[in-house]
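So, here come the structures, one by one.
Two complexes follow with chain A in common, the first pairing it with chain B and the second with chain C.
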Partner chain A sequence: MTYERGLALCLLLEIALFSAIGWNFFTAGNAGEIVRASAEVGLLALALTPVIITGGIDLSVGSLLGLCAVVLGVTWREAGWPLPAAVAAAITAGIAGGGLNALLVARLGIPPLIVTLGTYSLFRGLAEGITAGVKNYSDFPASFLVLGQGAIGPVPSQLFVVGAGALGFWLLVHRMAAGRALRAIGFSPEGSRYAGLAVGRRLGAVYLLSGLCAAVASLLYVARLGQAKADAGTGFELMAVTAVVLGGTSIFGGRGSVGGTLLGLAALAVLQNGLRLADLPAELAGVATAALLLAALGANRVLEGRNRA
Partner chain B sequence: MNRLRGWAMLALVVGSAACRGGAGGGGGEQGLTVAMMPKNKGNPYFASCRTGADEAAKELNIRLLWDGPTETDPAKQNEVVDAWITRGVDVIAVSVENKEAISTVLRKARGRGIKVIAWDADAEPDARDYFVNQATPRGIAETLVSHAARLLGGKGEFAVITASLTAANQNEWLRQIRAVLAEKHPDLKLVDVRPSDDDRRRAFEETQTLLKVHPQVKVIMAIASPAVPGAAEAVKQSGRTDVRVTGLGLPNDARPYLKDGVLDSAVLWNTKDLGYLTVHAAHALAKGTLKPGVTSLAAGRLGNVKIEGDQVILGTPFTFTKENVDQFNF
Partner chain C sequence: MRLLSTHRRALSVAAAYGALMLALAVAAPGFYAPANLRDVLVGAAPVLVAAVGMTAVILARQIDISIGSQFAICAVVAGMLARSGLAMPLAAAGAVATGGMLGALNGLLVAVFGLPAIVVTLATMVGLREALRWATEGVWVRDLPAGFQWMGLGQDAGRFAIPAVALAVWAAVAWGMRHLAAGRAVYATGSDAEVARLAGVRPRRVVFGVFVAMGALTGLAALLSAIQFIDVQTSSGVGFELRVIAAVVVGGTSIAGGRGTLVGSLLGVLLLATAGPALTFLGSQAYWDRALQGLIILAAVAADAVGAGKRRAA
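Moving on, here comes the complex of A and B:
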């Protein structure tokens, strides 16, 4: 049994359990709510998948989400730009933030953990500085809010954005030569360089994409909550990393899949949602998440060891 | 073989879900379900509110759900409310951390026929049916001034340590304090108002200055919670036994100074009663006895509670003194 199939089984068990003990869990409406609540973290997790496959990490995505949200709010409310221009400014901020990570990691060769730990503080600090930590931009027009609160039939609008993102990253990681290059870099950056791969350019690209996804996620976030504030996306980076790692992507690089990330994300999102609908306290979600993560990865280790022997 | 097992699993899941669909649905069997959310579950202030809420829930045979953020993620309150909407509860009562964000989802709840109450901190007025208001500015001002009047024997000078000179809440309280003075205590004189910027150390220094500049001042009124221990410490260190402190503050900050006698009283509201009243209001709202036009609500041991428009008023503030402060821990 592959790891992914095992994870899918876990997810089915979760669904069976919560269908039995949760209120109105197994309904189309709730499926939509799960998608809505996990869309932003989902986009970040998708973007982190290729990053982690190269053996890197991007801890700045949650903070960058906050910065992009603030840029959207400031350019629209304070500078009086039309909303499409403000959206473009937020996207530009995301690309610039991702670009900074890319430059430092790919050009200067500073370890990604150090770079993005720095920009994690930098982006959040900028967002708080711009708004003095207190300003809260709201009253966005309905035509924008539909992105986060609207639905087509039972399908929430976020699903289209996350679906497109998932397709894009699946093509990148599993169907393009670039994806093979990312895995090679994850196994051995030096070896890849000697093999003639453009390591710097590939690495730069994944961090840039990660910035872009943080910007798009910020739009979903602002539209879902109806507000842009400097604390947007606090802690999202760790949730996204958890989804990726639970999805079977190796934190050491070289191995991982987009499908696994989506399964990991779903397993986490269903767990959180299900616990609430079963009237169980939210703190339990942390413990249950940890149990799921450790059990899944532990089982994987054991199975791998047996296969090798 | 493997594939077969997968399909069997799927069938099991769908089957069990379908059974549940038939059996579940309403909340029915034991009366109302009220879902209540604090700003932060870990804050002892809210833990104290919860004891009152539990008491009322037991009295009224209500199923009370208590959940809320344990971390600083601002989207958490929304996610919990969303889950409650899906779960299907009768009343949602929220202490609002973030007005703009939560109001969106509270409107959605109202749209689904769920009654909504804001308590402790208000949502936007169209996002909730009622606000359980723990203290009106007028009530706070009256209580504070009555303590000052008692300490001064009805005549004399006092000074105020406020938060910052621009703080909206404090300025509203000051406005009301001046109004109460003019109406009821013309012989009390407010001689100075000094800022503390919500900082204990700053309150300490400003109080020291105050005592030197206005030696005839006999009462310091600290109207920001960090200012209470700051002002009390300054008076204590000055050795001036003729000066007493009163103010608006939390029992844990106030406790040592209340016991010392430097601090006469700390005014706040009774957090247990706040939780208790909120659950009673939720019950009345769901039963239809709390509706527009009603001017009072029978709230168990609190008796008849006043309703002003769309606000349920907890009543006169509560005063922590040397005698009762040990019953509270927040």
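Moving on, here comes the complex of A and C:
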């Protein structure tokens, strides 16, 4: 049995369990709710998959989401820019933030954990500074909110964005030469360099993409909640990392899949939603997540050992 | 020359710290009011105690991001033990022992089962925090005995004792890391675990040990923080791990293990703890504090990377 099949089985068990004990769990409406609630973390997790495959990490994505949300709010509400220009500004902020990580990791060769720990503080701090820590931008027009609250039939609009993101990252990681390069870098950066791979450029690209995804996630977030505040996306980076690792991507790099990340994300989202609908304490979700993560690590190790033998 | 190379980062952080203190002396002498300096030190004491443990963890090439959750649990345990009528020194010991046990849980998963520390402590960070919230339902520990706040020493003596305890712990560990076999074993394990094993060090024991020490020191940090207040919050310590790791990294300890000093960590803690209040005294707004902290971290590591590149080229 492969790891991913085991995880899929876990997810099915979760769904069966919550369908049996929860009210209104197994409905199309609730499926939409789960997608809506996990779309932003999902985008971040997708972007983190190639980052972690290269043996890196990006802890700054949640903070960057907050900064982009604030940039959107400030340029639109305070500077009076038209909304498309404000959206472009938020996207630019995301690319600039990702670019800073890329520069420090790929050019200066500083460990990603340290770089993104620094930018984790910097981006959230800029968001707090710009808004004086308290300002909250709201009253976005309905044409924008549809991105976070609208639906086409039973399908919430976020699903199209996340779906496109998933397809893009799947092509990148599993169907392009660049994806192979990312794995090679994850196994051995130095070896990859000698093999003629543009290690710096590839690394830079995954951090840039991560910044871009944080910006897009900020748009979904603001459109879903109808407000932009400096604390947007707090803690999202840890949820995203959890989904990726639960999905079987090795934190040391070299191994991982986009499909696994989506399964990991779904397992977490269903767990949270199901516990709430079953009237169980919400804290149980955190405890169960921790247990699931440790079990996943253990299972991965056992399977790895068997494959090697 | 050897002194210069081991303490290169410490020297540049000390220079940055000196420049900041000089700027304050010129532009805002009010910062030097004894009461203010004392407040900065009291505020920095818990971070320093945890940074001592984190330095050892990172030197052993590990990481622990669960200490914020450990911090909250230890503070609550200290409060509950004190409220149950236990003598304050015993309640304090209980907090430290609780931290040691939580650290042992991480140590067990990392050293014995061989799971990666960052994911293990990510799991315990989330799990412990939520378990605490579940157990306490977010209710603060109130109605503490009079002897809880300031350990019954009174405000003035307490504010003196807290930084003094932190500095004593720092000095003892700094000495031990240089002069005791156990301290050198931490460096050896972090530099190269396999070579350390061949040289007769037991890397797994060392790794287990640093996690236990980290937990115990987190317990002490939580105690030093909790006794400054009249109630114990159940949601304390959120983001504590990142502040502590940032201070250690700014102080020059290499995340790849094996390189770094506790002198550096002390300077890192002081620089980051002073930056926030300094900002206010220099007339800026406090809500820029976090951005400044981020800039300091990035400036410290970027300066190092650029400098290392130059040295390699030379």
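Rule of thumb we're sticking to: the second predicted complex is superposed on the first by the 305 of 309 C-alpha atoms of A that agree within 3 Å, B and C clash if a C-alpha of one lies under 4 Å from a C-alpha of the other, contacts with A are read in each partner's own complex, and residues count from 1 in each chain.
What we mean here is this: contacts are C-beta pairs under 8 Å (C-beta built on N, C-alpha and C of every residue); 3 or more make two chains touch, one makes a residue touch a chain.
All values derive from a computational prediction rather than experimental measurement.
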| item | value |
| --- | --- |
| Partner chain in contact with A:A16 - chain B first, chain C second, else both or neither | first |
| Touching partner for A:T242 - first (chain B), second (chain C), both, neither | second |
| Chain B versus chain C as contact partner of A:Y221, first or second or both or neither | first |
| Partner chain(s) touched by A:P281 [first = chain B, second = chain C, both, neither] | both |
| First, second, both or neither for A:A69, with chain B first and chain C second | neither |
| Partner chain(s) touched by A:S138 [first = chain B, second = chain C, both, neither] | first |
| Set of chain A residues, in rising order, touched by both chain B and chain C | 281, 283 |
| Interface residues, chain A side, partner chain B - complex | 1, 5, 9, 12, 15-16, 19-20, 22-27, 29-30, 33, 36-37, 136, 138-139, 149, 221, 224-227, 229, 231-232, 234-235, 272-273, 276-277, 279, 281-283 |
| In the complex with chain A, residue positions of chain C that touch it | 63, 109, 113-116, 118-120, 122-131, 133-134, 242, 245-246, 249, 255-256, 285, 287-295, 297-298, 301-302, 304-306, 309 |
| Parts of chain B lying in touch with chain A, wherever the complex brings them together | 2, 6, 9-10, 12-13, 16-18, 20-21, 24-25, 27, 41, 65, 67-76, 78-80, 82-84, 86-88, 98, 100-101, 103-104 |
| Touch list for chain A against partner chain C, complex | 57, 104, 108-111, 113-115, 117-126, 128-129, 132-133, 238, 241-242, 245, 251-252, 281, 283-287, 289-291, 293-294, 297-298, 301 |
